[in-house]
Amino acid sequence: MVDSWLRNAVAEAVGTLSVVFVTVATLGIVAQATPTVLAYGFVTMGMVAALGHGSGGYFNPAITLAMLLAKKIDPIGATIYWVAQFAGGALGALLVLLVADTDVVAAGTPMLNDDLVNVGGAIALEAVATMFLVLVVFGTVVDERAPVSIYPFAIGGALVAGSAALLGLTGGALNPARGFGPAVVSGEWDAAASWLAGPLIGAVLAWALYTFVIAHDDSRGAGWR
Amino acid sequence: MVDSWLRNAVAEAVGTLSVVFVTVATLGIVAQATPTVLAYGFVTMGMVAALGHGSGGYFNPAITLAMLLAKKIDPIGATIYWVAQFAGGALGALLVLLVADTDVVAAGTPMLNDDLVNVGGAIALEAVATMFLVLVVFGTVVDERAPVSIYPFAIGGALVAGSAALLGLTGGALNPARGFGPAVVSGEWDAAASWLAGPLIGAVLAWALYTFVIAHDDSRGAGWR
Amino acid sequence: MVDSWLRNAVAEAVGTLSVVFVTVATLGIVAQATPTVLAYGFVTMGMVAALGHGSGGYFNPAITLAMLLAKKIDPIGATIYWVAQFAGGALGALLVLLVADTDVVAAGTPMLNDDLVNVGGAIALEAVATMFLVLVVFGTVVDERAPVSIYPFAIGGALVAGSAALLGLTGGALNPARGFGPAVVSGEWDAAASWLAGPLIGAVLAWALYTFVIAHDDSRGAGWR
Amino acid sequence: MVDSWLRNAVAEAVGTLSVVFVTVATLGIVAQATPTVLAYGFVTMGMVAALGHGSGGYFNPAITLAMLLAKKIDPIGATIYWVAQFAGGALGALLVLLVADTDVVAAGTPMLNDDLVNVGGAIALEAVATMFLVLVVFGTVVDERAPVSIYPFAIGGALVAGSAALLGLTGGALNPARGFGPAVVSGEWDAAASWLAGPLIGAVLAWALYTFVIAHDDSRGAGWR
């Protein structure tokens, strides 16, 4: 069992590392919306497809929180996952720093567009977009009626869309580790409230909405196809 | 049964909310074609994958109309879905307003390019592009010979393509709720005829074309793979 | 049987119409590489997913030629498909003309970049890119060892990639109907050799390469998963 | 058996040819990040879907190295694959040269951004991004618990993301053949260390990480769905 947790923790750390490395490098260097949102969604798709059947492929402390509330992981496991995810995020940003410079990492950190949104609004936006992401996790992974094999793509798609919507407002984190990694490496903590509180609130909302409203009682039902 | 309709109505409202929130925020802030059409197609893909096996994942009053004509939903159910979809669309645009400002919502509303197209032309364009979208729904969801598990991606793909084609002409709504949400919040109703009448006409055309011409009589046939 | 051919011909015409309508409108109005190649690949993906289990979802006279060589369609059927595909392509461009103007359709027609490539080179480029596309059709549709359900995405992906590579050289047709539709409507025939001869040559090359070199003799073998 | 190796070698050469042709043409002509990374990921997706069930669809000497370490191919087979892959890459770049000119091929060759990264850093970046790619291969192809049918998309997604992250730093090769092809044709060898050593190191890291840490002992276990 210990061995299994270690394996899963490494998988979660590597997955989160890949997400943060790819998004920080793309946003920091290319600095365009489309490559950044494609990189975010597609690296997650690839890594969830590769590692999701082992550790679950959360790579996101907000998803870990939702799975804890849904009793798909226990408190000790969730704590191990959180440590692995934040450590992976920091390592991903550190790898960018080692080969490029601090400016790149700082430019790859989620930031608020102060002209359009304040801190409360940014938290709300991140909560809403993460709620969609976590609903997709519930609907395609937790719900047994979902078509098989599609969860990596649906999760990646939700990240492309959510980060496209928020990139010019909050930086489009949808994941506390996505913000924490480059922030701890570059020292840019200005948007910490939005990328930390927003996704966690969104995960709780998605769990409540899915569990108490949308999910069928007969969750093992026949499904649609 | 009432409970089931409530659950489905919430799912349809949340799905439509997510589509309108993401597209209004992306078009309103980023104001570029590629992130907008990716956000539109990919949020729909994710939400159809997550919620489609419950409520059907229409998130679009034009698709609801086509399913009513195809007797996949009854008139009471369709009415409930329409209310949920328009309410979800309005709520999605309202969420953008709460955290940003009216200009963002107005810029995220479908608008006509008067230099290139008039109202009649815009209705025709929206009808044609929505006809393709609804044909995809018929061919991948209603038709039992379709490969399993691919409908969320095919539907999302039709939205990426259709909205890319029309973005510079009509705003690329393909969905009355996509136009209604930001219009009711921002007061920009100039393109209402195109995003309301166009998709509904397209849905009727797709239903007629699929039902009377393309569909096989033996719709439970062996299929191709 | 006649009825079945009619149904299939309508499906091929509608599918080709959708491809030409979407690409001509996107290239003619947005005039950017990314939305155009996404629109091309994603509308094809959606339509192949929706209609492919009926008519085969070729939507392309070059694919029809390859399937004729591979004996998946007979000469009468292929002739019907060719008529349907060219008619659908013309109708798709005509729909754009009806609501916009001739300049849009002309701008949406594949054109040669004379600074970089001559007619012979353009034919070669279209042949090579179409060869990749038709190899994908052979490998995912004709070959029974392919993973199920993936052919619409693989075909759409080959079109995104091939049209991205050629957009600035030949216009990236990969399909005679993609060129014929806007050419017959706008009168822009300058690149006709490249979009007509190139894809047909590419289809023959792909058929020969697949049939005589790559395909296993035991084409009903166990496959890889 | 010889016949089988010939068939597989042709498939590997054609697949690698297609990847290099498409990426060199797109980067050399369009010279924008988004079309380039889409072309790279989507041509790989299409070709892996089409040819992967025969030769494995590696199209990349780094993946061949990882499969050799994992004993999925023997040393003679790996040598044949390497020759086929480098020859295919050279042929892909040569096809671009034949129809365009040397400047296009040179512009399509991976190059270092000297302002941001040195040779050691470039090797490290390529190693990290290729490690993610090869982990996806292990997790979706080698691991039998992976959802079926998704490996072409997961691999294509890892290439979209990895090349988006590195395009402005190292050129985003992730594949020695991707660099070798245009380099041998254009004479641009400046980034050879990064696109040759980086991906090979990344493949070894991915193999070690997957085999000794992440993979379950009971690799034929029940899996998650």
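Letters A, B, C and D mark the chains in the order given here, with residues in each chain numbered from 1 onward.
In the analysis below, contacts are C-beta pairs under 8 Å (C-beta built on N, C-alpha and C of every residue); 3 or more make two chains touch, one makes a residue touch a chain.
Being a predicted model, the structure only gives us computed values, none of them experimental.
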Shortest walk length in steps over touching chains, subunit A through to subunit C: 2
From subunit A, the most remote chain by mean C-alpha position: C
Interface residue identity across copies subunit A, subunit B - same or different by half: different
Size of the rotation, in steps of 5 degrees, that lays the CA trace of subunit C over subunit D: 90
Computed distance of Cα centres, subunit D from subunit A, in Å: 27
Centre-of-Cα separation between subunit D and subunit B, whole angstrom: 37
Residues of subunit D whose C-beta touches two or more other chains: 34, 38, 148-149, 151, 153, 156
Chain-level touch network, classified as line, ring, star, complete or other: ring
Full enumeration of touching chain pairs: A-B, A-D, B-C, C-D
In the complex with subunit C, residue positions of subunit D that touch it: 6-7, 10-11, 14, 18, 21-23, 25-26, 29-30, 32, 34-36, 38-40, 42-43, 45-47, 49-54, 56, 95, 98-101, 104, 148-149, 151-153, 156
Residue ranges of subunit A in contact with subunit B within the complex: 33-34, 37-38, 41, 113, 116-117, 120-122, 124-125, 128-129, 132-133, 135-140, 143, 145-151, 153-155, 157-158, 160-162, 164-169, 209, 213-214, 216, 223-225
